[in-house]
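Reviewing the structure listed below.
Chain naming follows the written order as A, B, C and D, and within any one chain the residues start at number 1.
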């Protein structure tokens, strides 16, 4: 690899020249940091300035760029497209000039100059410590997609994968494809005018899948084990006594749902007591068979009561709403009204939930005579002429009423079939969680065989902005396995999951990361001889990327890695690093800050800020010209999870007086893009007082705050109050050393 | 038995605009829109659910439908587009025809007997006679009392030539045809109302 | 594989809100070339005007920022702002589109240093805050805006001052004119999103007549620290703190006089906004009027959480009308509680109408030519030449829009791979 | 001269309660150049209260007869009504004839008994719509000879001129045309929250106290907003609000003495018509407050 030659380019526009001694900065770059090329330009992002840089790349052999100008918020097309991965932007403008009021006088101006000089030094050393990532490659990469589950979600996913030119392998545990939908009669409207029941699409879909040469189907099959990582998954598929192994690039989990067990419902609903109380799925099968009859005596079922929310939204059963059952029950009401002479359908609802265009379907069912009643079933008894006598609380007529009906249909809710583990209960050290082979995928992952759950047994990780993301890279859940949903939405969801599954195999082929650091080519490596087998990295990785060998050494799976650096932060031995991000790099940046002697009475405060939320928020402070203490120095981190405690010690021993960590919100409503990063940083920090005590320093010198991207207005107060608090303490005695 | 649909189905079929009752989603806008809302025993929304619930007696014996001032507020606000004013008028008529409505309910008596009788007797409204009939409906004594209460107003109307001192008005020229037309319409209406 | 297919096969995404952004980024990260066209000067669309997302109560800027990073890091995505698609010719696999790009009056030299804004004396009604405050005629639409590149209002560009504004890098060009581009694309995703239903059309609620009747989208801006009140919940008539507040659901939705469909998000949005009120005024009284509370599937957990707030009264009722107290300007909400049958006339400091989503494809963002199929509400549905996603296709919450847009990205890839 | 077929309605007959409206309407038409050709031998529209006695078909047949006569006598020329209830009944009948084939057929079976038939097609319009659409605001303003400057008037649109059909282009909750009419005469339209409130309608006959309470609120709102006069397009509103003031004062201990006039009276006065042309001598509550403009 050719030797690194750093060019430093200091922009003097946007008021930088007026506020700063640029010549002194240039001198730091060339003389102190000994960068081979150091230049200034009055309008660096203009055509001439950019040409100057390009000329140096072409003529001077410059291959690493230190751009000292503005923040990453602006001019990315200009400054970040030179084709070299060795690049750092020193933000003299937004995070220095714009947050300092130099009209206050000479001292303020000097403080700003010191700040700019420090940032330039930090950038220089960062670039010196930075290497170009060498993308992870493996000859065995597969682009095939495994689809687990052969219901409508799985079949759709497989069909879409194949239609995009990729191969899919479908594994279905039962003998036939089709899943739950195959047991259904018709489906709710998906097309305008949203009034007409549609034919069940499942048989057509099965035929399409079976006729597609790019799709291989295993029925009667389960997954015995899933080893490996995206691009390199080796999946053992068990069919009777036969076990086949398939190498796939990614996995879509479409195992669908189980219905909540109606026999667990309150006895007052009468399930199991009378055969005329049935679940909505049982009713569906009756309609499909053309047998809308009372099970008790075979007489036609003319009056049917549908009880929506049979266990859903109930702390004793399912706490959530199943999303689709209102529409589903309306569909079934229409079976009664369309198929039965003198049919009558009653919908006992809590909240009628027919979102979007389904409101029109609700109207249609009322038009056909479906009767809505807000209320609850109180008691189910035998009817006078067979069938049922159902006592209800009628909230609209405000009283108890008794309905004589032929059938009571309970719209039971959906439970995900993906075995999940609660992420808040990490497995005990040295043990693999969920030893039972019950899991769908039987992942051979250090952190357990199952998918980490978000809530209520659903396996995604971030269900607003990035709903497909799970905590197992390259494994996407779709359909009701991911979240309760109806058929139309399941088809959409499976199509989206197919895209994600294709996207990950394409990223893996390039050696690149997927969300949230899409395209990042770096990945962690470790120095085996330094490892003490403490297992913190393998336990803490939010994505389960690291396995262990027999001796407890970490086994990195680069294609599972999301490049957050949590392993690097966790490692007490400082032996995990990325080509362009390491403990040493940040530690060196800390040491590069020039700490004034104690009698200057100018404290230094280090801020570690997460690049996802805190850094943009700090950029906003600049944009709004907020005033920050001149004593702070900011270092961006990929994620708070990558924060290694040694930096605290480094900073303290370098003479910093206070340290602030700015991470994302954690807890139930976490905003950490790497799920656990900021939470882990907080846990680590709780141990920092030991370090400080050893140094005989107050633990209040280190503070962690949760910063939201919109906190620009609060940040000056947060930072300046901390700076004042630090200022009121004795300065760090280690300054003298 | 609740939610026996036979009453509802008869209303859907035979009461004017009755089929719209199916479409109510129980939002309550009608009740809040009604100028005499607080005086309704059941708001329109409640009436509709009672119809669907098979509560025939409650609905038809209620005075609610007779509280409609025909202001049409509910009709223009109903999010489901129910012609509520007409439905309520239809229910009132239904209750009256089926003999459930209290014949002494003031509005029932006025609307079904006095007003209608007044207009079909000549082809046009005879305001003076209408007013007199209204006042004297409970007999002479109370009629005089009511008349006296309003005597200043009546006097004012008379003096400003807005009340005819001769209460009986003549019939329209085509009265015979008019009457035959009404009779035919009533005949068809009766058939329809009987569910024929 | 994908790279080979991508050659010359561009996907056009129309609309740079969360749906269009998602479709663009997801397709580009598979390896396809994407042209993203946005009619506003900056991306982010409707969600960028929101203060927080339910149920996590986090800022939309956080997710938007990641998507902007993904664009910045991906040379396969080309973004055109202030641009509208004027014509579509051809069919799937082989479209030619004509795009009109309106003048920005500021060139790409802009460094967002803000000098021009400081010098500009022209204040205009701020569309980003629904006209609730004024803003400079040259600006970024909001703080987190991407691209971070100023623009100038067209009226102002014609003024003398526009010519004399300082710009250290010479980026201001008041003489800029519209340009028309022709592009070859393989598939088209219509992701033009929604606009808030015009609350003035809901006459019984008096928006526009009664000072203290507001809307949910305005309330989002009020709550936002970058909004017209710097995040303080104050009522418009007199700046009084909002201590007694009502949220009215289905203001314009599920209503044949307005939008017959359910807008899906408004119930949850009001619950979320109730948390804004509670955060600022721990003693505030909040009332939510609703027909059916539609906290679909897992959002039920959010409803349950909000329901634990004892200061919220839930009234199952669609209010009939809102009057205004002539002296205090308090809005008075009138209707019938359908669970008790009791009529109410309750006064509040502020009433927030949970207005629904009108697809812009029904009005200002029709698909040119006969290239789209619409349902009766104006949503773009299956059956035309263009694909649709997000709220151009159906009323959706953010997660649903992202889900649909990820799916449509794959359909767009498949369509672009067709040979026309 | 513009010609229209005219349906005056029962209250506009001689010595009927809206005789003042009819008189002023005629004066207004004369000034504007409108010829109203009254349907010969018309019958009552049955009004909305006709539902109970008449049911659906007999009620609709009554308006149908008027349409049939209008067509016989005047062809398909626009039919103008001045009374809110008449206009509404005719619009409803027209709509149902147009959209409900069974109703149209049944109506014709009944009409046949009177040797008439009607298949629809005549446009029913309110005189207000004629003024706005066929003449326009400028024309109405141009006629003003004695601007009613300083007069504070509360426009009371009421119900049936406003719902369910309403004057074309106007909002149900806040129609503006009446305020604009008031302003067109030079008077001031006071802001006023009760402009579309209900006066009780026909229930004033039967639910007197309940209806009087409605009118009391309405009068109070007008007084509170400084109105000297209430202006309305509707004969039921006019009657209920004007004539029951004594009763209301008696019931509620109030002291209302508010003149209630028609828009037509206001126009005639502003356009230079005499007190009598404007039929202002036919007010039960004296309209002397307007004398200064006469």
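As a convention for this text, a residue touches a chain if its C-beta (ideal position, glycine included) is under 8 Å from a C-beta of that chain, and two chains touch if they have at least 3 such contacts.
Fair warning: this is a prediction, and the values are worked out from it, not measured in the lab.
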{"item": "Winner on C-beta contact pairs when B-C is weighed against C-D", "value": "B-C"}
{"item": "Whole-Å gap between the CA centroids of chain B and chain C", "value": "49"}
{"item": "Whole-Å gap between the CA centroids of chain C and chain D", "value": "45"}
{"item": "Distance between the centres, which are taken as Cα means, of chain C and chain A, whole angstrom", "value": "24"}
{"item": "CA centroid of chain A to CA centroid of chain D, Å", "value": "66"}
{"item": "Two or more partner chains touched - positions in chain C", "value": "204, 254, 321, 338, 341"}
{"item": "Two or more partner chains touched - positions in chain A", "value": "352, 396"}
{"item": "Of all residues in chain D, the ones touching two or more other chains", "value": "172"}
{"item": "Topology of the chain contact graph, where touching chains are joined (line, ring, star, complete, other)", "value": "other"}
{"item": "For the chain B and chain A complex, residues of the former touching the latter", "value": "1-5, 8, 22-23, 25-26, 46, 49-50, 52-53, 55, 80"}
{"item": "Of all residues in chain C, those that touch chain B in their complex", "value": "204, 250, 254-258, 291, 316-321, 334-338, 341, 343"}
{"item": "Footprint of chain C on chain D - complex, ascending", "value": "171-174, 193, 224-225"}
{"item": "Touch list for chain B against partner chain C, complex", "value": "25-33, 37-38, 43, 45-46, 73, 76-77, 79-81"}
{"item": "Residue ranges of chain B touching chain D (in the complex, touch as defined)", "value": "16, 35-36, 39, 67-73, 75-77, 83, 85-86, 89-90, 92-93, 96-97, 106-113, 115-117, 119, 123-125, 127, 131, 134, 149-150, 152-153, 156-157, 160-165, 172-174, 177-178, 180-186, 188-189, 192-193"}
